[in-house]
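Heads up, the next two complexes both have subunit A, just with different partners, subunit B and then subunit C.
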Partner chain A sequence: MFDADAVRAPYSGLLDWSRNMPQELRSLKQNEAEALFRRIGITFAVYGEGGSPDRLIPFDMFPRVFQADEWARLERGVKQRAKALNAFLVDVYGRGEIVKAGRIPARLVYQNEAYETAVCGIVPSKGVYAHIVGIDLVRTGPDEFFVLEDNCRTPSGVSYMLENREIMMRMFPGLFQENRIAPVENYPALLRRTLASVAPAKCDGTPRVVILTPGHFNSAYYEHSFLADMMGVELVEGADLFVEGDFCWMRTTEGPKKVDVIYRRIDDAFIDPLCFRPDSMLGVPGLMNVYRSGGVNICSAPGAGVADDKAIYTYVPEMIRFYLGEAPILKNVPTWQCTKPEDCKYVLEHLDELVVKEVHGSGGYGMLVGPRSDKATIELFAQKIREKPWNYIAQPTLALSTCPTFVEEGIAPRHVDLRPYCLVGENIDLVPGGLTRVALTEGSLVVNSSQGGGVKDTWVMAE
Partner chain B sequence: MLSRTAENLYWIARFVERAETNARLLEVGARNALIPNTGGGYRNDWESVLQASGGAVGFAEKYGDIVQRNVETWMFFDRDNPNSVASCIEKARENGRIVRTALTTQVWDALNIAFQEVQVFARTERSRLSLSDLTDWTLRTTALVRGSALNTQLRNEGYDFTNIGHYLERGDSTARMIDTKYFTLLPQISFVGSGLDNYQWRTLLRAMSSNRAFNWAYGGDIGPPKIVHFLVLNRACPRSLISAVEGANDHLDRLARAYGRSGPAQTKVRAMVGELAEMQVDDIFDEGLHEFLSRFIGDIADLAGEVHGMYLSGDVR
Partner chain C sequence: MRLTISHETVYRFNPPMRGVVQSHRLTPSQFEGQQVIEWQVQVDGATRGAAFRDGAGDWIETVTLLGPVSEVRVSVRGTIETRDLAGVLRGHRETVPPLAYLRPTIATEADKALRALASRALADVPQDDFLARAHALSAAVSAAIRYSPGETVAGTSAAQALAQGMGVCQDHTHALIAVAQASDIPARYVTGYLESGSDGGAHEASHAWAELWIEGIGWIGFDPSNECCPDDRYVRVGSGHDAEGAAPIRGVAEGTGIEAMEVDVRIEDANSPGNQGQTQQ
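For the complex of A and B:
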């Protein structure tokens, strides 16, 4: 956002707004925001850190802004990517044309941990495997966006997109009168419509959609219940569902009700103990049989994870060319696969300038940020890479864009990323907004909430 | 409505009411403990409180001798006692968190704040907490939860399940509290009608916040038949058994109408209302107060079983 010490156009008005805000008002508003978050109950449990499960993610009041034309381009890119990822999934669980054409190594697909043989040969309703695609982006220049990773399973965080906006509108109604900001509040309705549009073959009448949660001990339980509430659908646990005959039913006070579409927020392995992990208490025994025979749809489809694997990621531009015959609009970050000997050699030699991630890791855990690590840490990591090269990929540290952020001393630039949520059903939709995460520590590039990142409201200016 | 959601709402109400019962029982015990032990023969009043709360065995295992302070700990703070005030509030709040979206902000706030305050009590030095502070707090808190639900919850099926839980627990609770009197009196039937006896009856009325209401309704003259009439058969008394059973009946009727389906729960509750409506005080004493109350507690448990089978278990076809 800082062009040679000047801020870009969309921010100039906001900068005045923030500079004119007296210190007392600022802390008053910050406290108000925090109280609102606590009151609504948006909290966040950090895995492996212990401490209070009722922790809040820090909220920064300075919004992230996109102009209409910037967003339009981004939107085309995100939709293009979501379309290609789905085409890839239908292909690799079907004829495997992309592998036969030699565009992706067979080993990477079929021996991938996330490749699910149980769904081979299934074409889900409307040919969609990944119904909610969260694409993590960073910006490095005026028109340059890089995709960090794709999330095809059950990307979380969308409740923040909605609540951050809600809180900003409540605290600063004036800003919304002065600026024409595209609304995001129809996301839940759009999500419900998307899920209803992929009702299974055997569903006649209005499809009944439910959200399947692992339960109230899950760290994202708030989001599950929030979405169910906003969509007006039931929030169910595995034990609330059962299979009888060719269908899946929900236990209600009026007797069983047929369920047509399950938006599941549990991992593949737990969906059906008869098909996947036999010790799973979270899933529904027999569900996969109903799914296979078109009695119910599961969103995202089991097996969708193979498309967002970090090793497959490298080939997404290839997918776009192969399935859509288009040039990729969003760029991939150049990636070294440590499983390739020559790449591994390069990575080990340049650890101090690279970011190294685990192939299946997420949440900012188990990663190395070379330029910000000391020699001992780097040496330790090199050891890990030598032991299990296939477990790691590496990327250059990008010159991430920054966004003005409230800090102790006033306003300062902090690094941000963006996750828009693309909905894929009969249509492909993208609400104008997303989750902006911000690295609150000066100079830090890690935006994960588990690693001290915060969130911001994301504005797309209407034309 | 999802059976599990209905079950959560039902149990929130039961736990809140149960917390209140425990506080009231503690109050009965504390007041009775203030009268001198002149009679000599009768059993420790605290034991009757423990008996009535259903926690006598658990208490004996953990603490052995009955000492007031231990009873207070057991009935208010102890997490090993599933029915202690702290356990009930915690479970009610956890049930509330699970069905957060089925609750209004007011109800959730009341539950959440109650939970936070119990944590504070648990960290406070005991000598700074008097028993009456604790019981007052419990009554205030449970009234806030109940009042918020009555004032703000949508009048849908969830409201019915909440109320069914509330009324079943309340019927059970009143029956148990009257029964404490029985436990106290058991060894020395000669106390009946004595000054001590009246004091204990008064205490019971006080514990049910009904002392003054009784005076208005019955003209102040106290005696077992009047009190039993008041607490069992009088519709004007909000804690009487008939009020509880009729409350449950109303809400089971509403459900039957809404779902177009009536079943064993409705049959059972109607039979209970029918019996109480016809009953005279003499019938109760003929049967034996304790026997009658035990049978009533059993009936409430059966009714709860039918409600569970028909609506909450999710096994209904």
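For the complex of A and C:
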């Protein structure tokens, strides 16, 4: 937020706004925001933690702001990455050129637990495997962004992007009159258009799109039903669908309706008990056969996870060069792979300055932030790494940018990250915004909502 | 060899089910070692569809029956001409990269004992003689697990079978996959038929064996149950990472009925009068 000790331009007006807000008004608005979140039912269930599964994610009213030119560059970088990740997926399930060219180790791809042999040889409609790519970014300087990780399966959190905006507009309509803020409200329409654009060739009418949810016990169920509402499509569970002949059908009171595109929010392993886990009750028996014979499309495509694996991540800049012949616009965080002996040795010697993550971990669980951990925790991690080196990667602790945030004493800087949601179908689209997560604890670098992080509205100023 | 095959699988449900969905892998592979003369898969009262050739080269079909379903009868009949290629899967079109078959499943995970079996088997075999290494592993599995029906179940893993020292072709195959993968050799599960004649030496008409990826040659079949490589008595149908993945029929029935299954396989050398059949319950 600060530029050579001065507040960066886009924030100066907002700082005045926040400073001029009387304390009583601030708490009034904070309560109002919380009430709104509760009323619409947007809550977040936290895995592995006690307490209420319906805890609210703290909402911070101070928006995070991008200028138009900053965003334009970010947008190019995100779209470039989404394109390369999809090219990679089509390649590794097809001819494997990038592997043959020796640009990425064959074993890293083909022995990866997210590599799905059941979809080898399949080129999904429009050559897209990952239709919604969530890219987690941090800023470390005025023009410097690093990608922390890619999410090619079913990245969640987009409902917060939409709800945070909605609530800000309701509470502070004046702010939206004084500032020219690019809209994000068309995201559901764009998502629907993207999904419809990848209907299989066998679909000869208007494609029927559905969202497949594991059900209301899932922590992201709110988002599934929210998106279905906003897009005007059916929200279904596995039992609502069935396979007959060459197609997948939805049971309705008016008889079966053919389904063309399934935006699935369940993991690969549960999609179809005849292809993956035989004990899955969440999926649709036979669905993978219909998918593989071209009767329905599944978004994201089964097998897409191999592109967002943390070990594959290291090679994304290489994918951009290989498939697009371009220089990567967004940087990768240098990553040490503990499975490599020399990397592992370095990591063990520098644990106090590194961030260590599990290769398949998510949600901020099972990670070590070296500079903020005590000796005992570090020693515990060293032991874990020695036992299962292949399970860990390490990265330097980045000097994350901060954003003004309402705290007890007034306004203070807190670290933030950003997840924009890139849509890939016939076109590649990125709405100007995303989910900004904020580490509410002073000095903390962990923004995960499961670890005490909050969310903010993200503004992109119109030209 | 010209082989005539009849393979009937009957599922009975009591009480009847609301519906049944099956994925079939019941049509012989296309490669230089075999040529289908005629082949038919029949399921009375079923809707068929969603048929395709998968990345491993197998022909897959989907079958659905609407309830109430009290019986599903899957009848496979056909005639096929086979050639002895000494186990080599020559001219088989597939897109799955061999390295993907280095990843174990729950059934093929190598435990300490399987790893030890692998390293003992390879102790005196030159590192670069890939074919000799594969043969040594197959022989070690045959010796370590005695063929003995009824001692293991469908869910028995390679590690469990080795611990018991007894098993059937499924267990032999899982164990060979495990020791091969532990020795960095890609390996997979193959299902098919075996014409074992009247000498009583060979086991199981509906059969399973392993294929190992041999650098410089390709996929080669190894049958630890019969201590040989597949020849013209073998009919290759499909493959997978383990028995479940390669299963000729995978199905789900909707309802609460109890399922009973009966399998009858008959294979005949079309040029010789003798025949053999086998019923499994």
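Throughout what follows, the second predicted complex is superposed on the first by the 462 of 463 C-alpha atoms of A that agree within 3 Å, B and C clash if a C-alpha of one lies under 4 Å from a C-alpha of the other, contacts with A are read in each partner's own complex, and residues count from 1 in each chain.
The definition used in the following text is that a contact is a pair of C-beta atoms (placed from the backbone, for glycine too) under 8 Å apart; a residue touches a chain by one contact, two chains touch by 3 or more.
Bear in mind the structure is a predicted one, so any value in this text is a computation, not a measurement.
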Touched partner set for A:177, first subunit B, second subunit C, both or neither: neither
Subunit B versus subunit C as contact partner of A:252, first or second or both or neither: first
Per-residue touch tally on subunit A - higher for subunit B or for subunit C: C
Common ground on subunit A, meaning residues reached by subunit C in one complex and by subunit B in the other: none
Touch list for subunit A against partner subunit C, complex: 93-94, 96, 99, 106-107, 110-111, 113, 115, 117-122, 242-247, 273-275, 278, 285-286, 289-290, 292-295
Subunit C residues touching subunit A - in the complex, by the definition given at the top: 19, 21-23, 47-52, 54-56, 60-62, 64, 94-97, 99-103, 241, 244, 250-252
Residue numbers on subunit A that touch subunit B, as the complex places them: 39, 41, 215-216, 225-226, 228-229, 234-237, 239-240, 250-256
Residues on subunit B engaged by subunit A in the complex (per definition of touch): 1-6, 94, 97-98, 100-101, 105, 108-109, 157, 161, 255, 259, 261, 311-317
